[in-house]
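Per-chain residue numbering starts at 1, and chain names A, B, C and D are given in the order in which the chains are listed.
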Amino acid sequence: MAVQVAVVGSGAEHVQRAEEVGRLLAERGCVVVTGGLGEVMAAAARGAKAAGGTTIGILPGEQRRGGNEWLDYEVVTGTGHARNLAVAASGDAVIAVGGAWGTLAEIAYASLLGRRVVILEPGPVVEGIPRARTPEEAVELALEILH
Amino acid sequence: MAVQVAVVGSGAEHVQRAEEVGRLLAERGCVVVTGGLGEVMAAAARGAKAAGGTTIGILPGEQRRGGNEWLDYEVVTGTGHARNLAVAASGDAVIAVGGAWGTLAEIAYASLLGRRVVILEPGPVVEGIPRARTPEEAVELALEILH
Amino acid sequence: MAVQVAVVGSGAEHVQRAEEVGRLLAERGCVVVTGGLGEVMAAAARGAKAAGGTTIGILPGEQRRGGNEWLDYEVVTGTGHARNLAVAASGDAVIAVGGAWGTLAEIAYASLLGRRVVILEPGPVVEGIPRARTPEEAVELALEILH
Amino acid sequence: MAVQVAVVGSGAEHVQRAEEVGRLLAERGCVVVTGGLGEVMAAAARGAKAAGGTTIGILPGEQRRGGNEWLDYEVVTGTGHARNLAVAASGDAVIAVGGAWGTLAEIAYASLLGRRVVILEPGPVVEGIPRARTPEEAVELALEILH
């Protein structure tokens, strides 16, 4: 069973790094899981697809439409922001790229459930969560304890 | 984007038909979505994999372990029976095979969200939901309005 | 701790009976729990308040506004139709008055969790669920196993 | 309709302050909403009851039993840690007392939904969230924008 890594975050200024994270994860054979919407979520999926990877979007709404165009599979939760728990829980590891309050909820949930979490600089400061300076380092840190 | 069909239900006496439903869906190129656990859910996924298909399990618990062995991807919701909404919503169509109260919740949710629902005989009687006598007919009825 | 009874359902043609159910429950000292919105939900809460009872609305949205005016307390779930599980689970017993697909999901969930469920005529036909012809009988049947 | 304030947090070392927060909120006429379990949640409810207030517990499990003994009403969500969204959303304001990852998720969700959030010292450091040194100050800060 392939390793699943959730990429969480938001912010238009972070899409390039998110895309790079998605690409690197796909190159390592990881499935990229996201919240399925735009900006960081779309960029991570786009990067993964560019590298031939597989992408899953876990959507907050009640319909498949609304997911970005780089998703292979869409899980339609219908539970709004509560789907953040599913995004966090569905990653064997979680990488945060940028992000606001919703991302902080995902970081908290992933930590609560014992998932490895890595915050890519710049990003929210959360005590106890390791930080990476580059997409490469983020992917490295995320995967090192899974092997 | 591939058509996603949710197969819902339970009951050890229904696994053969569920496996056949999974196989037929995979042969038609559909992704098989289930609740990820045993009996009907496992059989549908097993059938889909036997035909070279793709399977997604939407799990009620907080960890990937617990999903059956025929899942390609696992969405870990952490929301218990509320994940039934996600299972129902993630299918462009939903096929019910056997089943008890949890299945009835999924049938209700799928109908509420406007998904095509088909009940394979024998199964719960729900007013307004079309019924199929064979796995072939169930798949036929499920897919006819999607084309 | 007071007995909590969930009143579920929908349909403008059922509000009179729902109001009567709410009134009778309040007279028996029960807290009335609903999904917090209109029609049957509003009527049950209105009936309970008219009899000096207490009402809780479990709302699908993300804000308190949107709840009907007869609620003493509002739980804001933010999880859309998944809040139906919370409505069903929060009743020691559940009475269905009219209703469509969402109500069927609540009946299914309540049964799954071992809650006493009663359907007030006319209402959806669900195998194994007792039916009542009058609000008095519905309340009687709902409460008899709790004493 | 009474103001509802959610008190979130955990940690046995914080119960005295949580109890004081609950007491002060009840004296101000606020309904105290919590996650319904032990430590900070139980203490806040206990404090509110000691001052004649009203308490609601929003439980993660599927049964009413499990809630602490100072709850007037129990909402049984059945959705595990996803109920943290409901706890956060059900407060017109949210006060965090101590706490670990689950509390951080609640702080994040409350902020996401535009609720006033106050962290009582000592507690997690979250950028942009005002901090209070005493229970009195926490209640003051929580309520000042609601009037």
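The definition used in the following text is that a contact is a pair of C-beta atoms (placed from the backbone, for glycine too) under 8 Å apart; a residue touches a chain by one contact, two chains touch by 3 or more.
In this text the structure is predicted, and so the values were computed from the model without any measurement.
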Margin query: If I list every residue number at the interface of chain B and chain C, are over half of them used by both copies, so same, or under half, so different?
Written below: same
Margin query: Of the chain pairs B-D and A-D, which one is connected by the greater count of C-beta contacts?
Written below: A-D
Item checked: Copy-to-copy rotation for chain C and chain D - C-alpha atoms, rounded to a multiple of 5° -> 180
Check: When the centre of a chain is set as the mean of its C-alpha atoms, what distance in Å lies between chain A and chain D?
Finding: 30
Note to self: Centroid of chain B to centroid of chain D, CA atoms only: how many Å?
What the structure shows: 39
Check: Of all residues in chain B, which are in touch with two or more distinct other chains?
Finding: 62, 77-82, 85, 109, 113
Next item on the list: Under the touch definition given earlier, write down the residues of chain D that touch chain A in their complex.
Entry: 79-82, 85, 100-102, 104-105, 107-109, 111-113, 124-127
Item checked: Residues of chain C that touch chain D when the two form their complex -> 1-2, 4, 31, 33, 54, 56, 58, 62-64, 71-79, 82, 85-86, 89-90, 92, 109, 113
Next item on the list: Under the touch definition given earlier, write down the residues of chain D that touch chain B in their complex.
Entry: 62, 77-82
